[in-house]
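There are structures below to look over.
What follows is chain A paired twice: with chain B in the first complex and chain C in the second.
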Partner chain A sequence: MPMRIGADPFKDRVEKGLNDAFMRNSVRSAQERLYGKRLDAAEELGSWEDWRNLGEEIRSHTLENLDYYLYELSEKMEENGGHVYFAKTAEDANHYIQEVVKRKNGKKIIKSKSMVTEEISMNEALESLGCEVIESDLGEYILQIDDHDPPSHIVVPALHKNKSQIRDVFKEKLGYLNTDKPEELTLFAREKLREEFLSADIGITGCNFAVAESGTITLVTNEGNARLATTLPQTQITVMGMERIVPTWEELDVMISLLSRSAVGQKLTTYVTALTGPKATLEGDGPEEFHLVIVDNGRSNMIGTKFQEALHCIRCAACINVCPVYRHVGGHGYGSIYPGPIGAVISPLLGGYEEYGELPFASTLCAACTDACPVKIPLHELLNKHRKKMIEGKGLTAEKIAMRGFQYGTTLPILYQVGTKLAPFLSLPFQTNGFLTKGPGPLKAWTTIRDMPAPNNERFRDWFQKRQKEDLGE
Partner chain B sequence: MSEQILNRESFLSSLAQKLGRSTPKTVEIPKWKHQPQWEVLKNTSQDELVTVFKKQCETIHTDVIETEKEQLADVIKERIEAYNGNSISTWNDKRFDQYGIFSKTEAMIHAWDPRMKDNVNVAEQADIGITFCDLALAESGTVVLFSNEEQGRSVSLLPTTYIALVPKSLIVPRMSQAARIIHHRNKAGEFPATCVNFISGPSNSADIEMNLVVGVHGPIKTTYIIISDL
Partner chain C sequence: MNVSLFITCLGDIFYPNVGKSVVEVLERLGCEVDFPYSQTCCGQPAYNSGYHGETREAARRMINTFENSSYVVGPSGSCVAMFSEYEELFHNEPEMQRKARSLKERSYEFTQFLVDVLNVTNVGASFNATATYHKSCHMTRLLGVNDAPEALLSEVDGLSYRKLPNCENCCGFGGTFSVKMEAISKEMVDEKINNIQSTGADLLIGADSGCLMNIGGRINRLQKPVKVMHIAEVLTQREVK
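For the complex of A and B:
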């Protein structure tokens, strides 16, 4: 699947999302649960701000020295007996992976979840060789079986599907006969996929973090599928975005701790698997051949620019789980495999303004994303920088851009505008996790369709105007 | 550049250019201004770490038993029966004999032997995988396993259930201490394993309507046995 998902124009996608009641309910409850779990995990740890500061410090240092650390990683990987391919583009990466697969005469390929392989459309490239490519993350597997339905969340990809839909998919495509209980559906998938793991020729994984000092790649899962994909097949190919690296194991600890807590509210995910080269000669399991593909595919365009911090992202989805826009339109509304605030920042950088220029306007600039980010990426500021850059580039006036923004993401009904002066004092009892879920009086009609971000003490309009002035004066 | 590394030079020089300098020969890792990781469970006694470890096991759906070397054979027998285990896959670890761990069970024990071809199949068919751990993390209820020729990766992964033996002395506060040990061993040129697994309980997923289901690709049930005099 390429980075782009769906061919509908932005407005239609948004419309579709707004009208999908099941999707909006699941998104809302997923957001609340993941948000709550993340808060609990952060609170329990104490000194969460120190953790975030440390995360930011490590990511800044690593990105500032990215060439050095990638060099060290590749040297170590070679020492360990692995192969390293530096891929400037998606085509380069796919070509190399195809060559490895052909040389190994690989027919069946088992994958563990990886966003970057989605981004470069690797599955299609391998299927064009006649290979069977099987997703093993439960959510991804469900989507794949359902004729490649696109993911809607980077941590919970099949969030938009309910259990009876999943049962129907399994029934229709795989002859499943049991109920729609998640336990039964999961057990069925376990058995089906176990057969696939045992007979796969090649395992392909993403990479949560590579460790430069030892030439290690690490994989974080709860299901254990990444362990199977790297234990059973004889050949392993790992595809990593070039920024997914840490200097040493000590920084790995910090990043994994931040990722587990921010993504799913766990202290550690059930499995953290660290692989250093192929298996040793005498070992009885693990891959005999190990290939690491390091992908640029537009990432380096952010280096040395005001968007460099977007590369600090560790793909935890915390920003997605607090975003009021994502909450309403769902993942598919963004038209990119990277949804939510981080998606609205990086999709235009990876895929261009032509394709993704609308996304930075699909934001209320409420800054909840920035506050949630475990490595302190100033997401709402980056969104604003996109807007500014587009104004400069296209010669649009600030007013037109603002109107465009209002039209897509920040439109406030007149009633709401009138009410906002009093709102901070009146709205407290209706808030859950900083959202208004049941609006009083005139807000009621509005909140049956969508939740309003709880008003700040500063009125949005005042804030927005001030913001514009600041920006234009920059 | 060898054939094992391809396209590196052009890739990295373009990065260096964008960073506005040439690639540095060495980079010193700064002393981080904030280091909260070392404050977690600081100055905690080994007994208290055991308490934290056991408490965390409740959260990660893992049964935990504390015992001593003397009682190990009985505890193992009981656990194997509780998991209806007829066939057991284990590491090739001298300690199993040394402590007579399997002296009381009647189940079939298959020790990992890399010279045998069907190790993986045996593990796949086994009801229970049993291993020691190489380290354990109190905060997250994690066992850390280092793979090697005697310690197959499949043993803790493929059987339906998994039992980890946790010597009390190997419990450290959190991942930070384990990472530091690995970091130092790497510096000394003794990287511990081609595969290091941090395992916290049985496999699970919440991919269907965010309902937690325990038991996906890895083991469905897990028990940790803490050995307090090891």
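For the complex of A and C:
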């Protein structure tokens, strides 16, 4: 799955989302459930704002010193017997992974959930070698079975599907015969997946946080699939975005506390797996060979820019879970595997304005995202910075001319005076019962769905002035 | 206490009654209200569309307009919150930055001013209605005004108050978003109206003219039996019980 989802233009994707009642119901109920759970988990921990400040400080410090910590991580990882590869691009990363797989003569690959492998289209690269790649995260598994339906959420990839749709997928593709009870569906998938785990020769995982001081990678899951994927196959490859790193275990503690609460409202996920290199001599299980692929793929371009804070993201999706635009459009509407507010910030940074330029405008800048972010990324401000940057890059547009008009209208009192005084008369042809129901220009777009109050004949300032004169006359 | 009224452009042109109500309430509480005529718009429509250069001169005008005011009070949280963005617009002009900071420190949203500065929650209003309240995003999240409107409404005699479900969700206005992405905006405002109606309220109260223009405009289009009022208008009501 590449970063881009589908080839439809933005408007069509949005329309499709808005017309998908099933998806919108699923998203609405998931958002409401996760919203309450997140707030409860934060309250139970106490001093949530202090935790957020600490989280922000840790992420900020780490990104300011990223070169140092990446060097430390790679040194430690190699001391532990692992191999480290820094991939500048998606192609570099895929090439390296392909070489490892070829050398190990890998046929079946079992994966735990990883967004960065989706971003670089790793599955396709391995399938082109003739390998079978199996997703073991339940959500990802469902999507893979369903003819590679793209993920619509970064934590809950199959959020857009309800249980009866999932039953239908299992039935149609795998001959499932039972009901849509989640327990039955899960048991069925578990039995299918167990066979895959046992016969896979390579395990590939993502990485929630790498710990620089010890050369460890950590995985946060609820299903335990990452444990099997890192225990049974003889070779393990872990792919991480270059920013997913903490200096020491002390910071890891803080980040995991923030991540599990913000993502799913849990104090701690069922499994937190920490892996430090391949199997040691006295250890009973684990991979014999361990590779860590650290992916840049456009990330380092953000360093030192006004968008650097976007790299603080820990992929908890709290911003997505509160976003009112995501709520109605759904993940596929964004056209990127990274949807919602964080997706609207990073997709254009990783994939360019040409491809993702509409996304920063698909927000009311309501700041629910900024408020929810556990590491205090000013998401709505970054969206506005994208808008500014795109507008500066464009020539003279109709909107730009209108905004120049706005500038003069608000700067020159005489223009404001005349404009606001004339407005009630100019809008007369469009008025019905004190409301404008149609009109030209921006009024047209406004009145396609709603009415506009008609400008008042007596502005507030006229009233105030009259009153002042009367007072003086008395 | 001297207060300069920041009417906001929407208030000046479309909702003069809101401004009159603000004046009435403030005067009733013993404030001396003045209105600096050189004020125009805070610049938010341009700023939130990414036109930061075009916003700068509007900001300069507003900063100069209110330079000598001890308190600046406006009936719209998002417009007052816009003052907080001014400092960054003048990164090459330290003197303007200082002035922008000073304006921000002296400015209050109307309900915030009543509750936090005047320490008043009961303004002696009485109004028979079943009402719900729309929390505006910028007012709560950017300006940090959370409880003041509800504290004031809880003291209005005769007002039966119903909490709005999903009150933290945006109404879909978002300045130019409402015209650029009107299909999404429509779904957002429709959900908001459904939530309002689910409370059984016949009155929607808000504290930000932008949101009220959006929700009210859609209510009018759909001919829903819900009246829309700004909180200042509610606080001037003195219905005989």
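The criterion applied here is as follows: the second predicted complex is superposed on the first by the 395 of 474 C-alpha atoms of A that agree within 3 Å, B and C clash if a C-alpha of one lies under 4 Å from a C-alpha of the other, contacts with A are read in each partner's own complex, and residues count from 1 in each chain.
Throughout what follows, a residue touches a chain if its C-beta (ideal position, glycine included) is under 8 Å from a C-beta of that chain, and two chains touch if they have at least 3 such contacts.
All of these numbers come straight from a predicted model, not from anything done at the bench.
Contacts of A:Thr179 after superposition on the shared chain: neither chain B nor chain C is touched.
Contacts of A:Glu283 after superposition: chain B is touched, whereas chain C is not reached. Shared-chain residue A:Ala362: touches chain C; no touch with chain B.
Note on chain A: of its two partners chain C and chain B, the one contacting more of its residues is B. In the superposed pair of complexes, A:Pro324 makes contact with chain C only, with no contact to chain B. Chain C makes touch with chain A in their complex at residues 5, 7, 9, 11-16, 19-20, 23, 35, 37-38, 40-41, 43, 45-52, 54-55, 57-58, 60-61, 137-138, 141-142, 166, 168-170, 172-189, 191, 213-214, 216-218, 220-221. Taken in their complex, chain A has these residues touching chain B: 26, 29-30, 33, 45-47, 50-51, 53-54, 57-58, 61, 64-71, 74-75, 77-78, 80, 82-88, 92, 96, 136-139, 142, 156-159, 162-163, 166, 182-183, 185-187, 189-190, 193-194, 197-198, 213-214, 222-225, 227-228, 230-232, 247-254, 256-257, 264, 266-280, 282-286, 294, 296, 300, 303-304.
By the touch rule above, chain B contacts chain A in their complex via residues 2, 4-8, 10-16, 18-20, 23-24, 27, 29-30, 32-37, 39-40, 56, 60, 112-114, 116, 119-120, 124, 137, 139-142, 147-149, 152-154, 157, 174-176, 178-180, 182-183, 186-187, 191, 193-211, 213, 215-219.
Of all residues in chain A, only 14-15, 18, 32, 35, 322, 324-325, 327-329, 361-368, 370-371, 384, 386-391, 399-400, 403-404, 406-407, 409-411, 413, 416, 420, 423, 435, 437, 442, 445-446, 448-456, 458-461, 463-465 touch chain C in the complex they form.
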